[in-house]
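I've put the structures underneath this note.
Next, two complexes with subunit A in common: one pairs it with subunit B, the other with subunit C.
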Partner chain A sequence: MSNYEVHVIIENKPGISDPEGETILNDLVLKGNEKDIAKIKTGKMLKFSVSAKDKNSAKSRVEKICDELRIYNPMVSKVTINVIEL
Partner chain B sequence: MSLEPQELEELKSKIGRDPTLTELQIVAAEWSEHCSYKSSKKHLKILPMDGPLVIKEKGYDSGVLDVGGGYVVTAHIESHNHPSAVEPYGGAATGVGGVIRDILSAGTRPIAILDGLRFGNIEKDKQARWLFKNAVSGIADYGNCLGIPTIGGEVEFDECYENYALVDVASVGFGKKENLIKNHANKGDLVILLGGSTGRDGIGGSQFASDSLESEDRSAVQIPDPFIEKLIIEAILEARDAKLIHAMKDLGGGGLSCAISETADAMGIGIEMDVSKVHTRESDMVPHEIMVSESQERMLIITSKTKLKKLEQICKKFRIGCSVIGIVKNDNQMHITQGKKTFANLPTDVVANATLLDLPSKKPKYLQNIENDKKLKIPNLKKSLLDLLGSPNISSKIWVYGQYDHEVGIRTVVKPGKDSSVLRLDNGKFLSVKIDGNPKHCYINPREGAIGCFEEACRNVVCTGAKPIGMLDHLQFGNPKDPEIFWTFLETLNGLADYAKDFKIPCVGGKVSLYNETPKGPIKPTPLIGVIGLIEKNPLIPVPITSGDVLLLVGETKDEMGGSEYYEYIHHHIGGICPKVDFKSSKNNMNSVLEIISKKLIKNAHDCSKGGLAIAVSELCMTNNIGCSLKIDKISKNKLSDEKLLFSESHSRYLLTVPKSNLTKVIQILKKHNVFHEKLGTFGNDSVTFSKNNKQILDLRVDKAQKIWINSLRDLILNV
Partner chain C sequence: MKVGVIVFPGSNCDRDMFHVLSDVFHFDAQYFWHEKSLPKNIDAVVLPGGFSYGDRLRAGVIAAHSPIIKDVRKLAEKGIPILGVCNGFQILVESGLLPGVLLKNESLNFMCEWTNLSVENNKTPFTKKFKLNQKIPIPIANGEGRYFVDDETLKELKKKNQIVFRYTDKVNGSLNQIAGVCNDDGNVVGMMPHPERAVEKEINPIDHKPSSLIFESLISSLGVKK
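For the complex of A and B:
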């Protein structure tokens, strides 16, 4: 068994609006001199510390937990999962 | 998204050619059940919609009532059932946003939100719990961000809503009569889209709402942005004060397609619109996507060229988008272009008026024997009462309304948790608003059940001293093409129309939501009735009950256990006689209670509804931390068993708390109106005890009951 950190990034799907990201872009970033920034998207990241036999089983375990507990809504969110071996 | 074959043929013959892709999408959105009311519109005409206080203007999305002193109240009700069933947080929040913009589009400021929520069995069903929790947060977050109080509503759970959600939102607006938008437009006026950007979210939402929810649809999710909504409210009210708005419409179901065609049709004008002028979120949107997108927080405004600059300044100040997207013509056509290229050119009356249907109806088979009474084994009454107090439908909803800001705006003089909340108006009067539904009654007897919901909402506002002046109806049913379901719809409507006519309460707004089907079948008939009541001078603000106060029951208790919480929750029995409203006693009881309140003779008035007398009395005792001993021998003209006396949900009943010194005067008024009433007992000590024939049949410690009643919903949600 090894230790892994599994990063779950939850963000709105492309095409679905992101009021928080738009506000940060329009009301903070573009107010300065950063005119070349085109888009900001917000999201949420969960870091799971897991011990598992390999990278894949760490990933699928976390994936299952997120699905079953409705940690994100598959209707709205896009989920990216990255695994880092510690 | 598509038209049915015969509808496509009809469109072709009306315009004399094949429609373009964009035209097809526009018409499919507008002819959907959600926007066109094609199944229900013919029948809705039987509701009385006029009255001395009703102000009518073409193109209004909300009902307008004159409340005197140069002020008006507006009201509207909407639902967001399908979106909430797949994304409860965003669906419920955008539902609030939509109904608020309906209020705004008449030119009035939204001052209150009410919401009616229905879900599956949350005791057993995890999905129902998830939907419930997130819908409540959605409403709370959106309403609280806007600074509009959520002052009331109701929550109910029933197995017929498994894997589904009914999220109904009503809103009330207030403003000066002179500031109402008188929708008008002249040739050459500009058509402006104001507010958030147009994206691909919510494409096809109204079509989606008109289909049964079989597979999860991904595109129809809308993301709420309350901060833009707040800016829109303030910008529009400022533009209204500067008289910059000739006509206005909110963008709801069907997006620009519906807003443009309905506005043009209502005012008898034509509109030429260029989709390349619409501020979009994504750069590659094609014309028909822009036309049917249901992105939230947008308003359509018509103004003149000379006023444009001022309007743009206001929008700039509030940092909201403002694009001139079209121009008013006098050819009654909606002409959609992208630059110079035409994508659609249709007569507005064809688009805005789908052919209305006359669907067949047939009395459902299940109703044949449903009102037959069944002998049930009676368990211990005290245990039943405690179980009911802790049941999701009856337990205190403080976990819900505790998350809502119900005070912001400092108008809320009677707060949620009572029969009905009361708002202070600027003209010295007060407004009381309540929404009520009861699918359990409506399933057993659609007509009587619907009348019951109407009367219950009236009773609730009457308990604050308000006279009902208007009603909102929200009719929610399954697939109308099923004749049995359509029959229940017609019965409901007839019942509501009869009561409204008899009581001269005009219907000032409403909504029909059909195709509410779960994987297990149609929902029970779920009409939701909102009643707006006006108090000229003195609202009844409940005063704490003290030892020695007398409890009176107005209205007769009958053998009407069908659809009661007692039958359904304790016995899991669906059936029995549905409570019926007797119009004559309903009116007498109402008038006498109003007279008693206006003479300031009582401390508290509370209606008897879900759970019957036993629950209503317990609620009074628990909220006032006091016991009460009552005799229930004479509350019915017939001989009824103990559990029927305690738990029957007969209508037209009120519990009045009278200080001893006023008792004679109160009884005189009741006698004068020839009202059935009974002195139940006096308050005191720390237990509620019911007795019959001098024998105690039930006693309950108030503090113990209170713990169960207040905490059980929260505990269920938090899993403790």
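For the complex of A and C:
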């Protein structure tokens, strides 16, 4: 068994407004003369510390937990899962 | 008429709801802690507002896994009237008992203000005493109240007459100004505004009678004469 850190990034699907990201862009970043920034999206990241036999099983275990417990809402959220071996 | 008021850790409108049910409308209201079960002979269930589990992860999602939700689901399938208000609505959508999701308000603000609703479906156990399109002055108090569904689900909701209440004005960015919906059978209703804060004339500066019809509809649905 090895130890992994599984990162679950939850953000709104494209097309669903993200007023927090828009505010950070319009009222903070663009006001600082950073004109090349087109978009900012906010999200939430959960880090799971997992021991598993390999990277794939660490990932699928976390995927299963996220689906079953509705860690993200499938109607509005896009989820990205990355695994880092510790 | 036994009406259960479910109490989650962080519920804070449970007492207001209990007071209105028992003192204003003379139901036999009873509290049920979320780890307990619900009796089979209960006539209706209310999930009150508040901040269950401090809105952690997402409003309503943790409470949606409470043991009592299994019983709520069984009662919902049996056709028992179930009302979710504010956080109760969020819990019902997160448990899959109602369609959709409540996102952060467009303004990102916690909004506490009077709104106007229009009744879009007067066939549910909580709206049968209303005229269609009747207006209800009623307060909201939430940070995550922006109703959203995908296009396909919205079509379904319209087709099956599942939109129960709409705001008459743009309030928080809710899709189609939706303020409340019901399930396919119509016995499970969720709404963001707070009827328990609007049914007494002492605390309603506009008109307490329309909101009262929500509870009077329930009385009439349960077949009890006043």
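FYI, the second predicted complex is superposed on the first by the 86 of 86 C-alpha atoms of A that agree within 3 Å, B and C clash if a C-alpha of one lies under 4 Å from a C-alpha of the other, contacts with A are read in each partner's own complex, and residues count from 1 in each chain.
In the analysis below, a contact is a pair of C-beta atoms (placed from the backbone, for glycine too) under 8 Å apart; a residue touches a chain by one contact, two chains touch by 3 or more.
Fair warning: this is a prediction, and the values are worked out from it, not measured in the lab.
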Quick one: is A:23 in contact with subunit B, with subunit C, with both, or with neither? Answer first, second, both or neither. both
A:71 in the overlay: touching subunit B, subunit C, both, or neither? Say first, second, both or neither. second
After the superposition on A, what does A:53 contact: first (subunit B), second (subunit C), both or neither? neither
If we overlay the two complexes on their shared chain A, which of subunit B and subunit C does A:35 touch? Say first, second, both or neither. neither
Residue by residue on subunit A, keep only those touching subunit B in one complex and subunit C in the other, then list them. 12, 16-17, 19, 23, 70, 73, 75-76
For the complex, which residues does subunit C have touching subunit A? 57-58, 61, 64-65, 94, 100-101, 103-104, 106-108, 148-150, 153, 173
Subunit A - residues contacting subunit C, complex: 12, 16-17, 19-20, 23, 69-71, 73, 75-76
Within the complex, which stretch of subunit A touches subunit B? 12-13, 15-19, 23, 26, 70, 73, 75-76
As the complex stands, subunit B meets subunit A at residues 86-87, 89-90, 130, 196-197, 199-201, 216, 218, 221, 223-225, 227-228, 281-282, 295, 319
